[in-house]
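Provided herewith is a single structure, encoded as structure tokens, for subsequent inquiry.
Naming follows writing order (A, B and C), and every chain is counted from residue 1.
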Amino acid sequence: MGSGRLYLAVAVGGFRRYATYRAATAAGVFTNTVFGVILVYTYLALWDEKPHLGGYDQAQAVTYVWLGQCLYATLAIQGGGAEKDLMERIRTGEIAVDLYRPADLQLWWLAGDMGRALFQMLGRGVVPFVFGALFFPMALPTAPTAWAACLVALLLAMVVSFAIRYLAALSVFWLMDGMGVNQALMITGIFFSGMVLPLNAFPGVFGDIVLVLPWAAQIQMPADVLMGETDPLGAFAFQAAWAVVLLAAGRLLQSAATRRVVVQGG
Amino acid sequence: MQDDAFIELDGVEKVFDVRKKTGFLKRERRQVRAVDSISFTVARGEMVGYIGPNGAGKSTTIKMLTGILTPSGGRLRVAGIDPSRERKRLAHRIGVVFGQRTTLWWDLPLIDSYKLMHRMYRIPDGRYRENLDRLVELLDLGTLLDVPVRQLSLGQRMRGDIAAALLHDPEVLYLDEPTIGLDVISKAKVREFLRDVNAERGTTVLLTTHDLQDIEQLCSRVMVIDHGRMMYDGPLAGLHEVGEGERTLVVDLERELPPIDAAPARVVKVEGPRQWLAFPAGESAAVLVARIAAEYPLVDLSVREPDIEAVIAKMYVDQAGQAERADQAGRAVS
Amino acid sequence: MGERYALAEGLRAYGLIAGMWVRSSMTYRASFVITVFGNLVVTALDFVAILLMFAQVDSLGGWSLPEVAFLYGLSATAFGIADLVLGSMDVLGGRIRDGSFDTLLVRPAPVLAQVGADHFALRRLGRITQGVAVLGYALVTVDVDWSAPKVLLVPVMVVSGAAIFSALFVAGAAFQIFAQDAAEVQNAFTYGGTTLLQYPPTVFGKDLVRGVTFMLPLAFVNWVPAAHVLGRPYPVDLPEWTAFVSPLVAVACCALAGLAWRTGLRSYRSTGS
């Protein structure tokens, strides 16, 4: 069970590292709250015009906004999580050191990113969410089971989010520069996670497609689980399936990349 | 000397408000005197070393001299200009090199940074070319001009930075740790250049450093500051006396022996057949050597002059004995 | 001489430094192309969100798509200009923390000009491009009875809006002198501000609209003048002539931001942090 403790320590390290930036965290809380307020009003206008858009009522749309603001930094929707450091290490070649560590590369980075995500959720996400709940009508469940289910969905969302960004970071082994990948991460993250509009409110076939992409596991699933709009077990299965597929793809890419480093002599 | 005073400080002070966290959400405000009533003058063409431990007030002084910080009290003039009031006018007459941060453009060839200086300082074309040629030659930059700065070594970059600071013919050059992190050869090059600039162009130089060899090799005058107060201002030699330094005699014996007994010298270190003896700087080394040579099987020996670092450290210890360094916070502000 | 000379000096220094940053970015040509393209897509998605909404409804807060596009184009173009000119000022906090801010203070150029030009990036043209495109679309499709004052109001809004947003960036930079790690707060006002103005005022709560009219006068970037152009009721029942005061509001904002900057700089130079 020694390795389990190792990854726990890595996760704690990730949590602590972000916990040191207090002023930045406070600034982030403020910014997320402001954006939440702006989005809430636009959504209210939209749902006013078309009630039950995407199967949500107004209170549900508002809840979705604040959950989105809560998860914005948590899931590194625009990037800026562990993958940023990983890319830098690959670019500078320091990654070679990580490969000799008696730990699994993917698990190591996953643990660190989970620590970061947990801090971002508690430090940066909770306050805007509570603010939203205090000042706007929200559709929050009273049953503890719904909250527990949402928590599970959130953990799975963190893993999927990491798996996507890990894949992107590994591409730097071949591209040698993370600029383009970061841009792509940001664009897909904002759009397909449903940061601009809940995915169930996307029109037509387009709406059907975005709901099965892995990004749907990030905000849409936890939101639907929280508000009882979907069967939790189905949502978990969806999230877990994507997590397994993406993590496996990450391992595949990782071994190819490792071979590359070894061939090049590190 | 007063008539020719190029840098003048008279009772200059800098007080910072420091807020310290004393608990969750609780903060304590207190005032820290980073520079406490310092007065000195530097004549045109002098080369002065300005030393002291971290947080002593060195950087704060330099920042006031360059117009970055406004003094809280006292009078300060550089070339007759009040730096904090006429920052931009002063900028044309001073050159500043911050040892640990380059002002060169990272991704661009070195020459591009110089072209920017040319235009930003409005250096006349003829003079710019003349200065550039001279600096390139003296600092050995010829092959580096077209190399992006990020590809330069630390020593090359420092030389590049010094050239950038001198293109506009400043009358005074401030150097903050100019040899930090450099290898021996680069250090020698930088020092040689500074000596030349000072001797040939009459540029006044004020440098802060942790490397006391910089001072030993460059400055005839040294100022020591600690806790914002001037501890010493005078020739380097005098510092040894003030600090009552000790010299060290390194003795290599034929074989390992018990510590040599030769008062007033005392053995401070033994390593196999080699022994280190400390003795007061005022004592004659010759007498001591003769005595040891008569009683012990000598192979080799050498005398080491007192290390200024040790001298200064001793000065601090003497001061601290009375003052009890209560205001540790003051050291955090440099 | 004084003020005007200082302005000329500032612009000259700005140009010199911005030029250096452009050249620096050109040394990584592939990255440059990618970021320009990426920037264009990111900002385009911004408008796609609005299109997605209008795929579901015919009006938002009572405003049609061309009308919202008009607001959006004005807000995005004005913000884009300010963002291009001063948008990299959020690196100031980092510069203060690592001490490199001091190196700017020993140069014979206005500090604000040097800070403003810091990390100047042409990729920010993407936002202006997109804003202008949306504005063009709006001007073609919107149903307006154009008169000379209305036509004149369009460029006036863009220029005044850019000045108002620029004032926000400068005020944000001044704030960073006091709170170096809190650069993100200014995003709430700059990016948050432009996002807010992309939607009709009728969408938002009365207090919020009052706040961005009288306290932080963002409403004069586009809401008030655009309401005049489109013949819609003004937010918070302002009198008719207020549609034309945007330039004055912009001047006042710039003056206040300049004051804030001076206060910040003076504080830095007396506290060293």
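Here are some notes:
Methods note: a contact is a pair of C-beta atoms (placed from the backbone, for glycine too) under 8 Å apart; a residue touches a chain by one contact, two chains touch by 3 or more.
A quick note: this is a predicted structure, and the numbers were derived from the prediction, not measured.
Relative to chain C, the chain whose mean Cα position lies farthest away is B.
The innermost chain, defined by the distance from its C-alpha mean to the mean of all protein C-alpha atoms, is C.
Computed from the mean C-alpha positions, the centre of chain B lies at a distance of 46 Å from the centre of chain C. Centroids of chain A and chain B (each the mean of its C-alpha atoms) stand 51 Å apart. In terms of their C-alpha centroids, the spacing between chain A and chain C amounts to 29 Å. Counting only residues that touch two or more partner chains, chain C has 28.
Chain A has no residue in contact with two or more other chains. By the touch rule above, chain B contacts chain C in their complex via residues 16-17, 34, 60, 63, 66-70, 72, 84, 87-89, 91-92, 94, 96, 98, 100-101, 103, 105-108, 112, 116, 119-121, 148, 333.
Every residue of chain A that touches chain C in the complex is listed here, in rising order: 21-24, 26-28, 30-31, 33-35, 37-38, 41-42, 44-46, 49-50, 53, 177, 179-180, 183-184, 186-187, 190-191, 196-197, 201-204. The touching residues of chain C, when paired with chain A in their complex, are 28, 30-31, 34-35, 37-39, 41-42, 45-46, 48-49, 52-53, 55-61, 179-185, 187-189, 192, 195-196, 199-200, 202-205, 208.
Those residues of chain C that touch chain B in the shared complex are 13, 16-17, 20, 23-24, 27-28, 98-100, 102-103, 105-110, 266, 269-272.
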